[in-house]
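Across the two complexes that follow, subunit A remains constant while its partner is subunit B and subsequently subunit C.
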Partner chain A sequence: MASCSRSHVISLYRMLMKESKKFPSYNFRTYALRRVKHGFRENQHVDNPRTLDMLLGQARESLALIKRQFTQGRAVLSAPIKSSMMALLSCQ
Partner chain B sequence: MFGKTVIRSIWGSRSAAACYRRKYTESAVSAAHRQKEIIKSRYIEKDELRPLYMDFQATTPMDPRVLDAMLPYQVNYYGNPHSRTHAYGWESERAMEKARKQVADLIGADPREIVFTSGATESNNMSLKGVARFYRSKKKHIITTQIEHKCVLDSCRILEAEGFNITYLPVQSNGLIDLKQLEETIQPDTSLVSVMTVNNEIGVKQPVKEIGEICRSRSVFFHTDAAQAVGKIPINVTDWKIDLMSISGHKIYGPKGVGALYVRRRPRVRLEPIQSGGGQERGLRSGTVPTPLAVGLGAACEIAQQEMQYDHSRVSMLAKRLLQKIMSELPDVVVNGDPDQRYPGCINLSFAYVEGESLLMALKDVALSSGSACTSASLEPSYVLRAIGTDEDLAHSSIRFGIGRFTTEEEVDYTAEKCIRQVKRLREMSPLWEMVQEGIDLKSIKWTQH
Partner chain C sequence: MRTPNYLDSAPVFNRPLVARCPQDAAAALRLARRPLSALSCSRPERRSDQAWISGSLVQQCRQYGDLPPLTLENIKDRVMYVLKLYDKISPEKLQVSSHFMKDLGLDSLDQVEIIMAMEDEFGFEIPDAEAEKLMTPEEIVQYIANKKDVYE
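Presenting the complex of A and B:
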């Protein structure tokens, strides 16, 4: 199935990582990046097309969710937040 | 406070730190002032960076997925779920029922057994006062433990004033209750046993399954405050024979201001409602159910169920990392609570020969709390630590580290290193530490008054 092709999965992964980097909050940002990586790595050997479809659907929903959080690089409906010192220390 | 310090010095202090404290405080007034000065709340300055958050037992940030689920119900679908006559009401009710199912699925219950409340405090109040008062004519005895949350202990106090008979079970030094003692304490007129699943201060996990067995065999209702346990460890109310359970929204990455109460239907648990009104929530808790908050709670529960394994293994790994780092570099550190029967994300450490408040002040760029977080701003150590038999001086120097879903390895490493450095520094300054290094046994010293 075209939607389950390797390049499609990889592009979905890349888009998720790109969007996750936009979280202004250090904790959410690191969580999103870590969780996405874990989710894709955990399921890399799944063969069953139905499971694959479901997982990719979930990935697409997560992508839409993360995209919804931001308007022009800041979390929706919230004023700019003060950055956490951890962000500075770890340069993430 | 003044009276107590004088008496203690007259009779000879039991522990060194008490005398250390007496030198530290001159009088009651300055003591109170000092407490206010020590950790004065102040707002973060304009360009200052925010501290890193290690207090997940106090509250948790809301998961972005939960916020995403809640927003439509805050903005667009704002109907009252109890309105029967139009689409706004129907769609709101549908969301509320979906949330109810999500909460029920997490704990293995039926959706009809879930009542939405304003939080675990309200759920605890409802369970204790409701069950006690309903069965008042036949049963007047209630059993609870000494390490329960303040709301449970306070409700019991009110019930005592109403004429009930309450037994506060002591806990062993590892924080767990003695099951034999519980069995012996149950009387024919006991209506309720209330034991929390995971303690919020020391993180111990009580043997809830065994307690459920005992209570079911003696036909006594079993209530558990599972605010810190829901969504973190697998819970099944049927396996564990729980009759009532309190759930808190803001401890599982959900919104603040909402919680739930599980009330068993088979065998039926009857409650006398505290809040009267239009009969919503099976008549047990009248009032409009806040749909956005309920939806948030439901989403949080569903996410918790999906992420439970990943979160648990990650939190355990981080906790082990923190403990290993601290214990390998610092001697004389005590972990309060049982080392095995615990939730790994709540670590309560006592650093000997270091004062708790000064350590917290020194760690001011990490958001932590001391053992006496939930109690008022008094200089008394936490009642939980006292109940597990911690020495006064160790109780005063305890810090609670909370690890959660969003904690990173860097935060844990930073906290551990900072903690080690500050404890070493404070110990250098401490006269007691000097004495211990010279080999003097502090307990053998006779402190004199001058």
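Presenting the complex of A and C:
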């Protein structure tokens, strides 16, 4: 599948880093950057294509989440959004 | 005969941003203080324009903020500085021509992070296709010099 190719992984990594840098709050920003880096690094040597697909799907979902979060809740992150986002990010 | 009451009758956007510069600004002064309506009609220059200013010569000057001009040396210094700050690179082993993957032992994810740090430093986007080809600091300097039209 095309989603398993190396360049797709690299571009997903770039987009996730770019979107994570846009968080206005220091805590979320550092958490997101660290989580993205660690998440990609610990799954670096996975060979099984199914696991790869699943992981890449999770990465795309979190990218969509961060993008939505950034455009919707830009000025104020209210408490329900915060907790649901942290829950989603931490269960990956 | 019109009296030179330009400051009273001129529209707001035509008023000069004055600064007390000790430079000869006679021509600039006359040009700056002429209202728009007078520019279209061809009247002879009048020497009495400066009469209303009692003190020193004032000159219209606008100041724009800008970054210092980029030179090859400057770009190289900034690139090496950013690379030395990266914690996975030991500063002693870092040379201008050291390859990220072969000499410094980084992988492609690290290379993406380095290129993003360069984007932040220099303030412009580097597209993916060209970013994955930049493997040494020398190539990065060349690429930025090409993009920013810094002549060698």
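Just so we're on the same page, the second predicted complex is superposed on the first by the 72 of 92 C-alpha atoms of A that agree within 3 Å, B and C clash if a C-alpha of one lies under 4 Å from a C-alpha of the other, contacts with A are read in each partner's own complex, and residues count from 1 in each chain.
We take it that a contact is a pair of C-beta atoms (placed from the backbone, for glycine too) under 8 Å apart; a residue touches a chain by one contact, two chains touch by 3 or more.
Keep in mind that what you see is a predicted model, and the values were worked out from it rather than measured.
**Q** Based on the superposed arrangement, let me know which partner A:Met17 touches: subunit B (first), subunit C (second), both, or neither?
**A** A:Met17 sits against subunit C, while subunit B stays out of touch.
**Q** Touch check for A:Leu65: first (subunit B), second (subunit C), both, or neither?
**A** In the superposed model, A:Leu65 contacts subunit B only, not subunit C.
**Q** Kindly classify A:Arg6 by the partners it touches after superposition: subunit B alone (first), subunit C alone (second), both, or neither?
**A** Touch partner of A:Arg6: subunit C, not subunit B.
**Q** Now for A:Tyr31: first (subunit B), second (subunit C), both, or neither, which partner does it touch?
**A** first
**Q** For subunit A, which side has the bigger count of touched residues, subunit B or subunit C?
**A** Greater contact footprint in residues on subunit A: B.
**Q** Quick one: is A:Phe40 in contact with subunit B, with subunit C, with both, or with neither? Answer first, second, both or neither.
**A** After superposition on chain A, A:Phe40 lies in contact with subunit C alone.
**Q** With both complexes superposed on chain A, which partner does A:Arg50 reach: first (subunit B), second (subunit C), both or neither?
**A** So A:Arg50 meets neither subunit B nor subunit C here.
**Q** Which subunit A residues come up in both lists, the one for subunit B and the one for subunit C?
**A** Overlap of subunit B and subunit C footprints on subunit A: empty.
**Q** In their shared complex, at which residues does subunit A touch subunit C?
**A** 6-7, 10-11, 13-14, 17-18, 37, 40-41, 44
**Q** Going by the contact rule at the top, pick out the subunit A residues touching subunit B in the complex.
**A** Touch list, subunit A to subunit B: 23, 27-28, 30-32, 35, 38, 65-66, 68-69, 77, 82-90.
**Q** Provide the residue numbers of subunit B that touch subunit A in the complex, in ascending order.
**A** 44, 48-53, 61, 64-65, 68, 71, 310, 365, 405-408, 410-411, 414
**Q** Looking at the complex, which residues from subunit C come into contact with subunit A?
**A** Touching subunit A: residues 107-109, 112-113, 116, 128, 131-132 of subunit C.
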